[in-house]
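Just so it is clear, A, B, C, D, E and F label the chains in written order, and each chain counts residues from 1 on its own.
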Amino acid sequence: MNNGWRWLEISKDILNPFSMIDVSLKEDSMRAAVASGKVFLKPVTLRAIKKGTVKKGDPLAVAEVASIQAVKKTPALIPMCHNIPIGSITLEFEIDEKSVKATCKVTTISKTGVEMEALTGASIALLTIWDMVKYLEKDEEGQYPETIITEIKVTEKRKESI
Amino acid sequence: MNNGWRWLEISKDILNPFSMIDVSLKEDSMRAAVASGKVFLKPVTLRAIKKGTVKKGDPLAVAEVASIQAVKKTPALIPMCHNIPIGSITLEFEIDEKSVKATCKVTTISKTGVEMEALTGASIALLTIWDMVKYLEKDEEGQYPETIITEIKVTEKRKESI
Amino acid sequence: MNNGWRWLEISKDILNPFSMIDVSLKEDSMRAAVASGKVFLKPVTLRAIKKGTVKKGDPLAVAEVASIQAVKKTPALIPMCHNIPIGSITLEFEIDEKSVKATCKVTTISKTGVEMEALTGASIALLTIWDMVKYLEKDEEGQYPETIITEIKVTEKRKESI
Amino acid sequence: MNNGWRWLEISKDILNPFSMIDVSLKEDSMRAAVASGKVFLKPVTLRAIKKGTVKKGDPLAVAEVASIQAVKKTPALIPMCHNIPIGSITLEFEIDEKSVKATCKVTTISKTGVEMEALTGASIALLTIWDMVKYLEKDEEGQYPETIITEIKVTEKRKESI
Amino acid sequence: MNNGWRWLEISKDILNPFSMIDVSLKEDSMRAAVASGKVFLKPVTLRAIKKGTVKKGDPLAVAEVASIQAVKKTPALIPMCHNIPIGSITLEFEIDEKSVKATCKVTTISKTGVEMEALTGASIALLTIWDMVKYLEKDEEGQYPETIITEIKVTEKRKESI
Amino acid sequence: MNNGWRWLEISKDILNPFSMIDVSLKEDSMRAAVASGKVFLKPVTLRAIKKGTVKKGDPLAVAEVASIQAVKKTPALIPMCHNIPIGSITLEFEIDEKSVKATCKVTTISKTGVEMEALTGASIALLTIWDMVKYLEKDEEGQYPETIITEIKVTEKRKESI
């Protein structure tokens, strides 16, 4: 990485490193991305979440706030992500008998897509849930033999001109 | 909070969670907000501030910088605040015989108002002043029987089309 | 501020700016601080909080998470605050017919007190509540004639040797 | 969450909210945690990573730095995580014919474990790799039908007295 | 600083502190800035960088990522800098027999220039290189008699209307 | 960087990546570091600083607060820096007929030295001064032909057992 120019967005005019060809010249578009993922938890943990008896508080409420904050921090977390104005962030949780699914939707009017923002939001939501229920998931030796985060993917991406 | 979609800005079309109805579609406007608040301090402390003899330095100079930095951090502090470009931030301090009043004005051209930014700026200014004069305000038991922050409010909000 | 040394903690040996006399040499103690404050809101807003019908979600749940995050950010907000390990953070909310009171308690084992951390936690909790109910508090002209944050103070501070 | 005290670490003495029972009184121990996860990528992407021909630079080098930075930001991302001194952070990547596996090990001498730090490090490493190879993973409609992050888990946790 | 209004951008209408005259009303322009600087290192260190044998990893790869992240953090580091959308960030390193030169170019479409962003990027790149090779630069007493960062300047600034 | 383990502090036992050998096992020591640097400015600028007539406010007061904040952010800026408790931070400025010199001293009781913290503090102080006087330093074409930051070095480093 040390013998040439690197672009956040690759310039087409690589012989002229001072060209202005970069994301600045892209048109603003309406953009949205939806990402989701799952954290598999013990039945006892899922029951505690549903009943509202988790000791530290409601894991989904805390995860929602953590996720919204993480989406806004994406350019500080993923080095090549641009700092862009976020239009909206929405979280949805679904509990089935084996896992909690987190779905994070992000919208913007900007020059770049928001799939990394949505993926970051879903990931931090799932990590926060894990953190809130650690004491239920640990075995006697302090290990997590069953807890696992999986299926983090972008389920939809949209781009429309303004 | 865990059984439905949540919007930073509430969608009117709640049955279609993937609608693009959010702050992105609002028009940019010129916006300003002014917030103020007071910290009540001992006479000895107010004299030290006026005379410039506070040991750690000028509380108002430090408070001004802290406040400007805090205004820019508002979306990292108040979860539902959007990250928006700040046009200007201004601080004004008034000392009377019982308190220091901090007034913070924030302007932007954006889709959302900046009252939370102005309130955050005023609040952090007052907290910073308190921190700078702690050693004068504490009683012998390390308590603060007289120090109090109060009257934090939005004194003016404006919105004009561009 | 530009013609001498400034200390986070004032050195006793001001003639020797390279002395090691600073907070590093203080003994670690068990420390706790409790700070509280109030946000005055309209009756309709207080009813919406109690009934759980605020559009953006539960203001107190969001305020609690925001407050916990803000306590940990205190040294980034208040310039002269040290970065110290936080032992625990607790929030309590009380709703009466005119206001919501937020009480924030912070504990640590450290060389410095945590009253600024507790004050920051209480302040950000109150600002977050305001942000969550803005749409109920605004009058037709977008002003906040009744909303006010007040009575932010340190109600208790403790220090015990380990 | 709004009608009682909440602890970062639950107090055993819930009737006395100002008790000092919290993580501060735990003994410091030597602690380590290892977390890993995988991102499934197209064969063409994996070849480009191995050959060093990814346009934005080496995804694994960028992911390693991003991961190290994210580990240190864990208490700002996961609300109930304590801010603790991190002793070491190590990343390992393995590429097979379908995926890149990231393994993040974190050590500390502290009062709390570091599994959330290791999980955050592994998650951000995988998200950063995704971001670096987006242009190879997208189909013609800008979707990611094959890219997926999976199997994020804690593979080992240790605690030893000093 | 405590007896008047302060502007991020100085208002022309200082008698009317609630005027809207600030950066918000400037036109957006295409802007670029290039800043560079040098860190002087021992011959043994420069050889280790060229051969890729520095123990902690490739200093230039780490410096590049650190620099990109620092550019985006500029408004959190330099108090009077506006938070603006960054279009592109590029780093270039040149090694001669006495030093490593870092050149950082930043582009934006915005109301303010990006020279502080480019200067911050170059500075943090050089500091990161220093940090990566500390063990080679220290003498037996742990001092750095030869290491020095120098010649940090803005080599080019451009502004073009859109 | 992608085919092996990387340590913040290099393990001596590289065949056992899960060894606990890292900074955690080092003894805490009293440590101090002093770093300094200079920004060369026009005579008119230096006069304005001395007379207190810089439009945006006192550059040295703002630089001091910015520097203190930057020292505490060092582990977020320099990737391989540990997050450690800072004991004290002190800034000193000296103005001669060609430049402002900033000297930053940092102390800690910790397992690692604080030279990167002191260097970061000095660097951000100088960048902040530049930012505050930009309007005086620019020529008619908006360039900075004379402004330059130079001679950033560690002038003293100390380590003493507790």
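Note that contacts are C-beta pairs under 8 Å (C-beta built on N, C-alpha and C of every residue); 3 or more make two chains touch, one makes a residue touch a chain.
Please read these numbers as outputs of a predicted model, since none were measured by experiment.
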Interface repeat test, A-E vs C-F, B-F or A-C, passes over-half contact pair overlap for C-F
Comparing which residue numbers subunit C and subunit D contribute to their contact, where sharing over half means same and under half means different, the two sides are different
Contact tally winner between B-E and A-D is A-D
Cα centre of subunit A to Cα centre of subunit B, whole Å, reads 29
Subunit A to subunit F, mean C-alpha position gap in Å, rounds to 33
Cα centroid separation, subunit E vs subunit F, in Å, comes to 13
Where subunit E touches two or more other chains simultaneously, the residues are 1, 6-8, 57-58, 61-62, 64-66, 69, 73, 76, 79-80, 83, 85, 156
In contact, pair by pair, are chains A-B, A-C, A-D, A-E, B-C, B-E, B-F, C-D, C-F, D-E, D-F, E-F
The answer for subunit F against subunit E in the complex is residues 1, 6-8, 10, 37, 55-58, 61-62, 65-66, 69-70, 73, 76-81, 113, 115-116, 119-120, 123-124, 127-128, 130-132, 134, 142-144, 147-154, 156-157, 159
Listed in rising order, the residues of subunit B that touch subunit A in the complex are 1-9, 11, 17-18, 20, 22-25, 75-76, 79-80, 82-85
Listed in rising order, subunit A residues that touch subunit B in their complex are 30, 32, 34, 58, 60-61, 64-65, 68-69, 72-73, 83, 85-93, 105, 107-109, 156, 158, 160
Within the complex, subunit C is touched by subunit A residues 57-58, 61-62, 64-66, 69
